[in-house]
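Here the chain labels run A, B, C and D in written order, and each chain numbers its own residues starting at 1.
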Amino acid sequence: MGARRWATGVAIVLALVWGGAGYLVTRPTTFHDYRVTAVDAARSAYNALATARIAGTARLDRRVTEPYLESVLADSREALAGAAKRFAGESPPDARTAAMRDELGPMLVRASAALDGLENAGDDAALRAALGPVAEAADEVDGFLEAHA
Amino acid sequence: MPLLVAFDLLDRQIVDSEGIPVGKVDDVELAVDDAGRPRVEALLTGQQALGARFGGTLGRWITSVAARLDTDHRGPRRIPYRLVSEVDSAVRLRVRRELLAEPPLEAWLNEHLIGRIPGAGDD
Amino acid sequence: MNPKRLLAVTLGILTAIGGFVDIGDIVATSESGARFGLAHTWVLLVGVVGICVYAEMAGRVAAVSTRPVFDLVRERLGPRVALVNLAGSYLITLATLAAEIGGVALALQLLSGTHYLLWMPAVAFTLWLALWRVRFETLERVFGLGGLTLVVLVVGVFWLSPDMPALREQALTFAPPAGENWPTYSFMAIALFASAVTPYEVFFFSSGGVEERWTRKDLLVARVNVFVGFPLGGLLAFGFMATSAIVFHPVDVEVDTLGQAVLPAGLAFGQVGLGLAILGVFAATFGAAMETGLSAGYTVAQYFGWSWGKYLRPRRAARFHTVVLVSILLAVAALLTTIDPVQLTEYMLVFSAVVLPLTYVPILIVANDRGYLGDKVNGRLANTLGVIYLVVVVAAAVAALPLIVMTGMGG
Amino acid sequence: MTDAHPRRASDLLGRTATGPDGEPLGRVVDLICEPDADGVPVVTAALVVRGRWGRLLGYEREQVDGPWLVEALARRALRHSQTTVPWADLRLAGPA
């Protein structure tokens, strides 16, 4: 008898958890959800860009090595790509969030291009030139964070 | 000072005369003396004895895995109590562990895995 | 003490490295510095004192009675409860081992530019070979002392010309800075504390004492190991926290990679400093990998009473060496799923809730048992601190669970 | 003694001890031995404890004291319900 009662209890809990999880997964995105996703993506992008900028500048001063810079830039690229993917996976539920998407989406594209430039820079002159767009992209995303976080 | 079977013996480490681990006291074998009182006959060690103490599904599983390696069906390893020289923070034996039966798992691993890797016998 | 005795403190240093500057801690402490400035400094201090209290007891028991910690766990708690502890400790240790193998490979990637997954098989094999062939004292000295090069980050604090009054103020703050929330601050505090007092440290330290054949005469050596090793470990961790607080906190950049964590060394001392820091990370993570790999073997062997230890030929401790080998293989298998190993160690916090009390209670009880320690039982100070930390550990462990849910692992 | 030939200590430990009239006294948690003429330990009595928590943690011995809090908790759980039953008087109920 005890065992049966236990089994029933466990089954009910499992059903509730399952149902709750199902609801959370399928319920429509709200303004709040979208804002959280967007701010998270922007923060990841900012971290990646700012780190790349510090490391790139340090490379110009010969404070870090080439393999080190490559590794850090690879990390930054991965973080940025992950953020962009999460952001693109959520669709805006209303006009306010649509505006948010139109603001941040292009920023992430520019950020990606700026990191590309840094990764492809062959010499110091190119590196110095590539740092400009990275700094701009970082400031731009920072501005987005100021406005929405 | 009296000896407590569960506290002083069970789950205590058995070491040989050189201080090298031989096994845990996984159970204690008792024999009834002339006056009808049980006395400590031997220490049982190894996963067969441990599994039997656990009981339940887990215990049966531990025992059956251990028994599969025990191809001669000798049962748990048995260390006669007369080999014990002292019981303190460990149960100390008078003899070196080479004089006791080799644990089946150790023997199997030495034959099939560890003993085959170069350097296994080096200091 | 003669020079040989001086080298004998490397066991304490190596043990402390596994608790304070293993790969998970390097990233977590740097992240804390970047997000909260020096506002978690007190956690490091509380952690250092806590692990000192219990490692001292474990070392004393090991020296006087030659019984390592997991031996006592089974003896005092019985086979069933000890098995729960064994399962939890093994999972924590294995996850950390996987993370460390990944961490060594990451350090090699920073040095060479070759992707870390390519380094991993070589790292795992070298680790196994070291644990199979090399003498315990040699391993301990090479990697314990090698890890000390991380001191470059501590020195770097002064080279980065920081705003000292601001740092001092942060260090004396016991709250999250503006813009951060309490749950995340508390979660990270608990994570840092739990990893400072992580159970494999006492398993490794006490077993290491037995490996080194400590006797009653070595009580002083055991104590010096504890009181030099763990504060040094805490200091190295502080180096990561402080340099990240100086470099990343002012510009609001979060730290979540090893590359970021060592960047301040480059900014302070250039390529040489960066190289030293990466070398230190390499030695520390490799040392922590040895610590966790051996601990996995120690705990399982001591639970079952098997012969164990590097002082025996592998043939005479075949079961112990098999557990070490299998653990390394399991760790590599876990890494090959491309799971984030550092993230994995954070999830292990859940198991600490069970494992920490089940490890520290038996140590505390046996340290009061004259049957084991004779006149070397705990004094009033060790007992008072021991009980206080037991309460802290349990409280932290209980608080960890809701915080994990609230913050999504410190997010 | 209902079980004349216990083979292993685990056959006795954990079983319920009863008084002369069959009333339960508690669970057997340890066996007390004295050495015989040859120095072999012979079981002279059983340690019986009421309640669920049967692990003694060592506090039943004289050699452990402190820390105060842990000891107080352990003793609270055990001591006041701990009895020693001489082997000759020990009656066990239930299956092994």
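The criterion applied here is as follows: a residue touches a chain if its C-beta (ideal position, glycine included) is under 8 Å from a C-beta of that chain, and two chains touch if they have at least 3 such contacts.
Since the structure is predicted, the reported quantities are computational estimates derived from the model, not experimental observations.
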TODO: Indicate the lowest number of steps between chain B and chain C, counting one step per move to a touching chain.
DONE: 1
Open item on the list: Count the C-beta contact pairs for C-D and for B-D, then tell me which is higher.
Closed with: B-D
Open item on the list: Taking each chain's centre as the mean of its C-alpha atoms, which one ends up farthest from the centre of chain C?
Closed with: D
TODO: Name the most central chain, where centre means the mean of Cα atoms.
DONE: C
Task: Geometric centre distance via CA averages, chain D-chain A, whole Å - done: 63
Task: chain C-chain D separation of Cα centroids, rounded to whole Å - done: 41
TODO: Round to the nearest whole Å and give the separation of the Cα centres of chain B and chain D.
DONE: 23
Task: Whole-Å separation of chain centres (CA-atom averages), chain A against chain C - done: 31
TODO: Give me the residues of chain B that touch two or more other chains.
DONE: 53
Open item on the list: Please output the residue numbers of chain D that touch at least 2 other chains, ranges allowed.
Closed with: 58, 61
Open item on the list: So which chains actually touch one another? I want all the pairs, not just one.
Closed with: A-C, B-C, B-D, C-D
Open item on the list: So in the complex, the part of chain B that touches chain D is made up of which residues?
Closed with: 2-7, 9-10, 27-30, 32-33, 36-40, 44, 49, 52-53, 81-82
- [ ] Under the touch definition given earlier, write down the residues of chain D that touch chain B in their complex.
- [x] 1, 4-10, 12-13, 29-36, 40-44, 47, 56, 58, 60-61, 87
- [ ] Sort out for me which residues of chain A touch chain C in the complex.
- [x] 43, 46-47, 50-51, 54-55, 58, 61-68, 70-72, 75, 79, 142
TODO: In the complex, go through chain B and note every residue touching chain C.
DONE: 11-14, 19-26, 45, 47, 50, 53-54, 88-90, 97, 103, 105-106, 109-110, 113-115, 117, 119-123
Task: Touch list for chain C against partner chain D, complex - done: 76-78, 81, 361, 364-366, 368-371, 377-378, 383-384, 386-387, 390
